[in-house]
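Common to both upcoming complexes is subunit A, partnered first by subunit B, then by subunit C.
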Partner chain A sequence: MSSAEVVFDDVSKFYGDVLGVNRVSLRILPGITSLVGPNGSGKTTLMNLMTGLIRPDRGTILVRGLPPSDPERLMRITGYATQYDAAPRGATGFEFVATGLELYGYSRAEAARLAWAALERVGMTDAANRKVAGYSKGMRQRVRLAQAIAHDPEVLVLDEPLNGLDPLVRAETIQLFREFAARGRHVILSSHVLQEVDVISDQVILIANGMIAAEGQIRNVREEIREHPSQFLIRCRNAAGAAAALFGLDHVTEIRLNDDRSGLLVMTHRGDDLSRVLTQLALQGHEIESVIPVDENVDAVYQYLIGGQS
Partner chain B sequence: MAVYKRGYQRYQGPLTTHAARVMAFPRFAWRRLLNQRLVLIALIVSLIWPLLCLGYIYLANNLDLLKTMGGVAPVFKVDGHFFLVFMNVQAVFATLLAALAGPGLVAPDLANGALPLYFSRPISRLDYAVARLAVLGGMLSLITWVPGLILILMQCGMAGWSWIRPNWSMAAGLLAGFVLWVLLVSMVALACSAYVRMRLIAGGLVLGFFFVLAGMEQVLNQVLRTNWATLLNPTRSSYFIWSGLLGVETPEGPGVRECALALAGMIALLAWILERKLRPVEVVA
Partner chain C sequence: MTLRVRLRQALVIARLEARRAFFSKRAFWVYLLALFPAAAFLLHTLEVKASTQRYSRYGIVSSAQIASIAPGETPEQVIARLGKPFYDRGYTRRRGGEEPVRYRYMGYFDGSARTDLTFKNGVLERKRTEPVLSFEQDRTIFAGIFQVFYLRLAVFFGCLGIFMNLFRGEMLDKTLHFWLLAPVRREVLMSGKYAAGLLASVIIFTAGAVLGFLAMLSPHSSLEVQAYWNQHGAAHLARYALAAALGCAGYGSVFLAAGLLVRNPIVPAAVLLLWENASNYLPPMLQKITVLHYLQAVCPVRMPLDKGVPALVQLFLQPAEPPSATASVAGLLLLTAFVLWLAARLSRRIEINYSTE
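Up next is the complex of A and B:
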């Protein structure tokens, strides 16, 4: 087991009679990992468990080799931004970040330097000396992110970090996540915006009712969902001809012709075989313009695995 | 590809001590509290009585001055009774100040969900509670044992050895008595702040705690024809303890040890209440 992983081993957490998460086993590699699931599915519980804010009822957790029961060491490598407006009343953005750094043990001068650097990274230097209470939702989100990254953590845990951000800042924030991940660190975030998760994540963890529904790269996860045939949208000149050729294949379950007769939706249990057949059709003279997997994304996977439960 | 093996260098510079880290909370909170007009006014008003007491000590040690001014020198005595009165008055101000400043300490953190943020730093729940206690403790010290010790020092300086020799233990008694009161009042304020998120109501609850228990004491003592219900009243119990510590005759009722045990029990109960509430995650089951 590498010490550069976040590992959950058979972890369960109950809040009295209420299930938090149940028998979760995970290995999260460095990179961007998204926790996806409906409200109350256990995403925040997982985050609280890995940051040591709550203790598991059973199982063990290791964050880059450190147990959450050792906050003195764990919190030095971990940055956490909750989904709440947590700034003390009357604090400016700078004070919020700098005071937080003092809690890590940085001297006041060092804390001030790091706080400015973090605020600069999230584009908040202009508003740094204004009170957080007067910030917009997006600005609060950014200052929360600043306090999480200010001490340059190896593991960044972010609860709904993209909520309330305008498109430009959202893009910049995603870029920041990518830079973190490219330097071999963990960026573990939860999000409800599935399209975004799809674009930014190296791996996705789907969670429902406190249990892991799926984990891994979206494409791999999709391939594992065998009860739902994969859907491909094929654009070609002679859609009817292509449909006729594909209809005889035993792994193709359904074909729908587009109204414009220049495209067809194919549902198959074996995507690789379909690709091979399409290559042969192209060689035989069928003008195939594009083959697009329709349900190889978080949205579809979410629907297949969790849709009915939320 | 093992991208995580790229050179990552964590901060290697010196870190402050654990105590210094924890003190980041009070430093910020004091600054914020002193910016509140009501708190500042209460703090200033609370220092009027110590100033008057300073004047009293000065006059007590300069009776000749009064005589030369043509007045009749009254009997000025600086003894245990004097300091007991001083403690009683300052204890009232301390309670009022705690009711004003205390509710804003924990309630906003709970309302804003700030505890997960604090506890995802290398500090514990105990550190947080101690830090919040230090905010109130520090502020209340300014109007309790600090001016109290200044008064004693001034009396020592002016009266000389003849006063110090028989009264030296009064300083320790005053310090211990005030520390106990400050701890109790601060714990009450923090517990109220942790349970009631509206500051005004929490402040009222702090005062209510003392009034209700005082009322209960009266009723129970009357109905049961006893004086042991005094143990329920922290104000009265403290008075008994202070009397004992300052060498003043204690009123009829439970002994100093019993009163101290009762207060210790109350503080333990308040600590338990805080322990239940100061959690990073609120459990709604």
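Up next is the complex of A and C:
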């Protein structure tokens, strides 16, 4: 086991009779990892478990070789931006970030320097001296992110970090995540907005009802689920003819013609075989304009896996 | 991680938490509790001043003149010798077939004591002199207020408000994770928070005790106060302040631990209040695990008990064989250290679960 992984080994957590997560085993490699699931699926529970805010009822967790029960060492390498505001009453954004840094043992001057640097990275220097209580949702999100990254952690854990951000800030924030990940660090974030993590994640962990429904790169996740047919949108002149040619294939389970008769949706258990057949059709004279694997995004995979709970 | 770094972390936590402990909206009533004795004695001072003014509105009569009045004299004779009283009223009592009885009451003031004269059918029957202000009495009342109200209620509930808030309050505000996500051992966090609560409670309640004591002294003559101060006063004040501070340390540790253990502060408060106040029923060994047992011995004046106080109440209020002051301080500090050790162990089990709060 590499110490550069975040490892959950058979972890369960119950809140009284309510299931948090059940028998979760995971290995999270450095890079951007998204925990995806509907509200109440267990995303925040997993994040709280790996940062020691809650303890597992069974199983073990190691974050880069450190147990969450040792906050003194763990939180030196971990930054966690939760969904909740934690700023002391009346604190400004700068005070909020700098105060947290003092607990790392930095002198006041050094804490101030690092706080400004972190606020600058999230574009909050202009509002740094305003009270957090007066911040908008997006500004709060950013100041929490600043606090999480201020000590330059190896593992960045972010609960719904893109919520409330405008498109420009969202793009900057995603760039920040990518920079972290490019340095061999963990960026573990949660989201229930599937499209937003689809484009930024190296790997996705799909959670439903406290259990891991799938994990890995989205394409790999998709391929693991062989019992569910893949969907391909094929644009071609003679859609009806193409449909007729494909209908006899044993791995094709369903074909739907578009209303405009210039495209069809094909569901198949073997995408590679379909590609070969389509190549042959093209060679036979069918004018095939494009083949788009429509369900290789998180949303579609997710729908397959959890049955449309999101 | 070195001890020095942990100490620095605890100091940072204490500094930040002290602000919350002093200025929390939830704890404003703590100030009212702490200032109650001072307010009561200031009212007493005002009342004494008002009474003195009222008594002396027709002049002050010398105590020798008042002493010369003897039973059997008539109101007219008294007025002839002492002048007009500051009050003069009477009534006639009539019962069935009995002869009516005329009562007349008059009062004189010698500058420090009032004398009430009761005439029955025109003859002085009773003379009663009572000082308007009694230093001895005030000191005894202060001792009673300090031990019955201040230690048993004000410090007790004040510490409940301050120390239970350190963890429970943050859980309710959904801000506790700020501390738990810092690279700080839970024991260091608990120590920092305890230090903050202790600082706030000790300052508030020792200041309250000192102000109450000074307010108690305020209406008395400077000569009396000076004499008392030189003899016992300074030591008494120091011991009252020490008792208040130790009370904060002891109750604070208990409520900090309770805040880590239970959600509802009312239950531990009720149990502890009962346990503390029923300690005199307990065997000596168990008495040693009550905070009051030690505090009573630190107080400079034994709590006065009026003869009229029911036996059952006396049993609650009268300490059984208090230890020496030195043993009390040591015992209370040991008890506090033990409770804090328990709290440190409990602090390792803290989990964030805001949704169930």
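The criterion applied here is as follows: the second predicted complex is superposed on the first by the 305 of 310 C-alpha atoms of A that agree within 3 Å, B and C clash if a C-alpha of one lies under 4 Å from a C-alpha of the other, contacts with A are read in each partner's own complex, and residues count from 1 in each chain.
Please note the rule applied: a residue touches a chain if its C-beta (ideal position, glycine included) is under 8 Å from a C-beta of that chain, and two chains touch if they have at least 3 such contacts.
Nothing here was measured: the structure is a model prediction, and the numbers come from that model.
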{"item": "Clash-or-fit label for the pair subunit B, subunit C on subunit A", "value": "clash"}
{"item": "Contacts of A:182 with subunit B and subunit C, given as first, second, both or neither", "value": "first"}
{"item": "Partner chain(s) touched by A:167 [first = subunit B, second = subunit C, both, neither]", "value": "neither"}
{"item": "Which superposed partner A:248 touches (first subunit B, second subunit C, both, neither)", "value": "neither"}
{"item": "Partner contacting more residues of subunit A (subunit B vs subunit C)", "value": "B"}
{"item": "Touched partner set for A:55, first subunit B, second subunit C, both or neither", "value": "second"}
{"item": "Touched partner set for A:103, first subunit B, second subunit C, both or neither", "value": "both"}
{"item": "Subunit B versus subunit C as contact partner of A:76, first or second or both or neither", "value": "both"}
{"item": "Touching partner for A:152 - first (subunit B), second (subunit C), both, neither", "value": "first"}
{"item": "Subunit B versus subunit C as contact partner of A:285, first or second or both or neither", "value": "neither"}
{"item": "Partner chain in contact with A:4 - subunit B first, subunit C second, else both or neither", "value": "first"}
{"item": "Subunit B and subunit C contact sites that coincide on subunit A, given as residue numbers", "value": "15-16, 48, 51-54, 71-76, 78, 80, 82, 84-89, 99-100, 102-105"}
{"item": "Residue ranges of subunit B touching subunit A (in the complex, touch as defined)", "value": "2-6, 8, 10-11, 13-18, 20-21, 24-25, 28-29, 32, 35, 104, 108-109, 112-114, 116-124, 280-281, 283-285"}
{"item": "Partner subunit C, residues of subunit A touching it in the complex", "value": "15-16, 48, 51-55, 69, 71-76, 78, 80, 82, 84-89, 99-100, 102-105"}
{"item": "Subunit A to subunit B touching residues, read off their complex", "value": "4, 15-18, 29-31, 48, 51-54, 71-78, 80-91, 95, 99-100, 102-107, 110, 147, 151-152, 154, 181-185"}
{"item": "Of all residues in subunit C, those that touch subunit A in their complex", "value": "1, 5, 8-9, 12-13, 16, 19-20, 174-175, 177-186, 348-349, 351-356"}
